[in-house]
Amino acid sequence: MPDSSVADSTIARLRNVPTATAKQVLRGLGVDRTFLFGLRALTSDRRVAGKARTLRFLPLREDVKPPAQGVNRRLIDTLERDEFLVIDAAGNMEGAVLGDMLAARAHARGAAGVVADGVIRDVEGIRDIGLAVWARGTHPDANSRNLLAWEVDVTVGCGGTLVQPGDYIIADADGAVVVPPQHAAALLSKAEEMALEDEFSQRLLHDGAAIDDAYPLPQSRRAEFEKFKSIKDAQR
Amino acid sequence: MPDSSVADSTIARLRNVPTATAKQVLRGLGVDRTFLFGLRALTSDRRVAGKARTLRFLPLREDVKPPAQGVNRRLIDTLERDEFLVIDAAGNMEGAVLGDMLAARAHARGAAGVVADGVIRDVEGIRDIGLAVWARGTHPDANSRNLLAWEVDVTVGCGGTLVQPGDYIIADADGAVVVPPQHAAALLSKAEEMALEDEFSQRLLHDGAAIDDAYPLPQSRRAEFEKFKSIKDAQR
Amino acid sequence: MPDSSVADSTIARLRNVPTATAKQVLRGLGVDRTFLFGLRALTSDRRVAGKARTLRFLPLREDVKPPAQGVNRRLIDTLERDEFLVIDAAGNMEGAVLGDMLAARAHARGAAGVVADGVIRDVEGIRDIGLAVWARGTHPDANSRNLLAWEVDVTVGCGGTLVQPGDYIIADADGAVVVPPQHAAALLSKAEEMALEDEFSQRLLHDGAAIDDAYPLPQSRRAEFEKFKSIKDAQR
Amino acid sequence: MPDSSVADSTIARLRNVPTATAKQVLRGLGVDRTFLFGLRALTSDRRVAGKARTLRFLPLREDVKPPAQGVNRRLIDTLERDEFLVIDAAGNMEGAVLGDMLAARAHARGAAGVVADGVIRDVEGIRDIGLAVWARGTHPDANSRNLLAWEVDVTVGCGGTLVQPGDYIIADADGAVVVPPQHAAALLSKAEEMALEDEFSQRLLHDGAAIDDAYPLPQSRRAEFEKFKSIKDAQR
Amino acid sequence: MPDSSVADSTIARLRNVPTATAKQVLRGLGVDRTFLFGLRALTSDRRVAGKARTLRFLPLREDVKPPAQGVNRRLIDTLERDEFLVIDAAGNMEGAVLGDMLAARAHARGAAGVVADGVIRDVEGIRDIGLAVWARGTHPDANSRNLLAWEVDVTVGCGGTLVQPGDYIIADADGAVVVPPQHAAALLSKAEEMALEDEFSQRLLHDGAAIDDAYPLPQSRRAEFEKFKSIKDAQR
Amino acid sequence: MPDSSVADSTIARLRNVPTATAKQVLRGLGVDRTFLFGLRALTSDRRVAGKARTLRFLPLREDVKPPAQGVNRRLIDTLERDEFLVIDAAGNMEGAVLGDMLAARAHARGAAGVVADGVIRDVEGIRDIGLAVWARGTHPDANSRNLLAWEVDVTVGCGGTLVQPGDYIIADADGAVVVPPQHAAALLSKAEEMALEDEFSQRLLHDGAAIDDAYPLPQSRRAEFEKFKSIKDAQR
């Protein structure tokens, strides 16, 4: 069984942060280019979070061999619990960068999920396995016809966004966002504060409050909110 | 609670008209350009219908202020029951024109649904709220980075189709269609007639009839249909 | 009721072959261009398989009449059990090539499914009928405004792939693949062998095996696999 | 040398009709779907006109042979003066449907031009030969890798528009338009009348007339126009 | 002849500012969203500059009349020298927003150029007239079939960028950029300084200097540059 | 002045090989994936050839610094005569990967040309400098806003094709093709043979030969061709 040393409380907490909140807070922290554009949830859109392990494919050329064979397999064999596989295939739509075998291994290793700037296959099998994947679409063919697994654990581009090994990834029904690790603490602190306020705002709106009277929470609602918060705190 | 004066029987009846029927009947009535192209059902594809309230975004430019601040919030605060929010963002994919807070308020006001020529965020939250939204896709960022809520209750373009305040909108799994109010009565009358015939045709086809013997309903089936109709009428 | 002469055991067995397996095996057999690119499962993504019947639409031009009227209706009226309707509309997005009436008739005839290089309407109705359709998207309008049903039972292009009457089609969550009939036996034989191996590999991976130790199945696992196989065979 | 029987005065006159005029007049005559969408002038955008000869490619599949070999070569060998080659490759971008050899032969036969719903190669060579081609773009590879020349002299789709053998084609800097032969006389008559009026309107606008005072030509300008016309007629 | 009061020296000077320089300097001044994305030079790519007059089209709907008829004609009739026509058709590709008649009138009025988020026709005629147009492409049909000229002299979106009446527009081979008038003086001052430096850097690079030794101009080159500048100044 | 050691006779000979010939011959040599898809000639489409030097951009993220600053400048400063700059920006359209300053330096160093999977600016300036560039389009903004020059002299993807430092690149009006160096000699030998035959075939076609009688050159024309060839050889 994979070592769980990577599985830290940061990831557990990030799993509660909607990508919408993360995107917005990171922008406030000065990091705006964090959304992985063009990927769709293909097997599940429940929220997952993890630490990036990266894999880069290059287009196959018949006369070229990659620096090492099977680096994608090696990477997945060494995934640790709560690592998030980030695949850069530069948007290639003609060969799957992931199928149900590697997905099964990734899942067995405890992978948090997969984001792929490319396409996948065996969607039904991957759904059964229970691995959450965001990608450009599906293609039933293996990548062996079109792509070369070139290198791993390097900085990559994915959905037009730069991802480095060790970055955090959050993905949900809105898509996937990269969280620079140095900003994770500030993000979590702000996001958790916002979560409670957002829940309170939702309650007010549900009960018929006007928008400005509920979101962002106005000064006039602060006292009410503090009471709500202390009840919430007591319930934990 | 919002006044229900807008909620008229027209809307209740339009809710039973498939967009496929509406599109086709309106064409017969001389209005062909009624389909909002390029939008997908993102939170539910159950059929909804309502009266258009319009909101127009323009691209943000750092030195430009909109004529009034927060017009999108004001519009949603004044939505009446069964109004349908129609958002024109000219297809911009880089900032959400709707999130779960405004969606919650729209739902609390009794909004019928939302069609947006742009993207939305908080998809999971909006699903929980129960608001049906058709849009171009998702982006976790707020629109404040890319778009300006410019004006409301004006004629807009949405999905390549012109929509005016007060038009009816029907949306379902096939997409969204605008219904000019002056044609609503004729549409309903024709559509309701077709609905019964279509149900009867479906039954015939299910039972093995050839297409020409079932749809459009041939003269030879009229007597049978009249019997079916009278039984149906009796059951109401 | 349609004659079941077409429903042969080949189709029953193809229904168990994932498109991913079929695509890969056919490539090994020298036929690479078999994936129908750009179509999505719109009503169900359960796997279906059948024998191709083809229908070709051409763009409507107001002064041109097709060689015969209603050939699409005639084709669907004569579908046999387990035939798969393959529609070539050259990617036209402006008028539906299938609605719930023809879908009902196709289903009543025992059609296996539909792949369409075009758009469909009445998606909800077709879901209710239970017919599986892969297409480019939806449009609520009938094709009568934009397309002419031109000819049937001819060689067509669909999703950038050539399909001939009598080819087999398999479609599932990964998309649709054409199977040349002369390769069906070899495909089935190879695919069924692979299915058992794949199931065994999945089990190994689930139990924590490294990728090279599980897939493709290494020599060192052969004995173990043979035991698994004989148990499986005994269970049948 | 090719027989010039096809080269009729209709074609000579159509060469003077801008596609913009043709498109608009044909619409007035009840034929609206005549523009070949998505093609660009690749070797010259001077206006050319001719009579359609059609060629249809289908996607290559390794196990399929076309009904006859080299039908594209046979077609081009039998082009007559002022025939216009219309190629349907359903928008395939991966293999050229025309290169400089077939272009040289087409030019030697007196071809008017080529419209191709696909890509071409040897652009520079074709420019040197002097053949005008409208297509989707360029690809240096021959079509032998991706496409099969399937049939000739049949009704095809090209740029989303139906073209039949014997239709007229006009192409210029605005794109290409198909002219149904039964409407050619009415088109020419109307277009030639418009040409003189348009020339007169241009002159008025150049001299500072307001738009309504020049185009469409108002009643108040009729006398002046008749004088202009009689001078023009005298000059011929 | 049009009054030349609008033709100010600002425009004359902007004509010398490459869009690349303008885009970059405006970003430095805090206005980043100024590039009109997706438009191509269709009749000439020489640099032009002018003051924006705006025109907004909405999609045609058969039952809707625009607030006033022919507002596009009225706008063009009242263009002043060096005004730049900015057309918002939300990217519609199916009907031309400009043809050679309105182009002739615009040119006669002294228009600087046209940017259109839509398509144009009569490209050859407009080239002959000498009006520079940036647009999405060409379509030979008039807009009367698909678009309604809705309003003029209002804030519009064009190429994903907001444009207000009175903004400056510069367009050249790189595309078109909007210049907020309040930033024009600062832009010109900075741009003209850069132009001389850029010319000097180009000379250094042409003569073999390394990039860091030439651009941006390093301190070590300042004295040399001042000499170059004084010679240039003397030559004026 | 740059050392000319790289400028070998191979490059001089490749300059005479059309990309169409190169693509086809390389396919015959077993290397099929050599076309750089999606790039257009922006400053000139005359044929150029050279040896690849590679540059890879990654998307900018505000918190990330590239491994070294200004690697694009360093690369261009060290270009040798007849080297071909190959830029991988993964298709990013929002910031130029090349402007007139780096282009001037590249040209002064003797660069053969540039292929860029991204956009460029200062098109007019680069045309004046005389550097031939194939790219996705233009954007007036510098890349500093959107991209990071990440690494040089590594294997990259460009237009969906793998390019390694030291590969040859040929580009002309049909686009750009990569030539693996180990296949250069075989390509040249075959291409030069084909060039003479192609010239002879063109002559035959021009003089009215049927296609099969001219291309590919039939046995019956061999003697005639040998005479043509000996005259050609004598003329050299």
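Here are a few things to note about the model shown:
We call the chains A, B, C, D, E and F, going by the order they appear; numbering starts again at 1 in every chain.
One rule holds for everything that comes next: contacts are C-beta pairs under 8 Å (C-beta built on N, C-alpha and C of every residue); 3 or more make two chains touch, one makes a residue touch a chain.
Just so it is clear, the model here is predicted, and its values are computed rather than measured.
The fewest steps needed to get from subunit A to subunit E, moving only between touching chains, is 2. Listed by label, the chains touching subunit C and subunit F alike are A, D. Placing every chain at the mean of its C-alpha atoms, the farthest one from subunit E is found to be C. With centres computed as the average of Cα coordinates, no chain lies farther from subunit D than A. Although subunit D and subunit E carry the same sequence, what matters here is overlap: shared residue numbers make up under half of all numbers found at their interface.
Annotation: 51 Å between the Cα-based centres of subunit C and subunit E. A straight line joining the Cα centres of subunit B and subunit D is 41 Å long.
Rounded to whole angstrom, the centroid-to-centroid distance between subunit E and subunit F, based on C-alpha atoms, equals 33 Å. Residue numbers of subunit E whose C-beta contacts span two or more other chains: 32.
With chains as nodes and touching pairs as edges, the resulting graph is of another kind, matching none of line, ring, star or complete. In summary, the structure contains touching chain pairs A-B, A-C, A-F, B-C, B-E, C-D, D-E, D-F, E-F. Note for the complex: subunit D touches subunit E at residues 18-20, 22-24, 27, 32, 35, 37, 45, 47, 172-175, 177, 198, 201-202, 205-212, 214-215. Residues 30-34, 58-64, 90-92, 148, 150, 155-157, 160-162, 164, 178, 180, 182-183 of subunit E are the ones touching subunit B in the complex. Here subunit C touches subunit B in the complex through residues 1, 70, 73, 76-77, 93, 96, 99-102, 104-105, 108, 121-125, 127, 138-142, 145, going by the rule given at the top.
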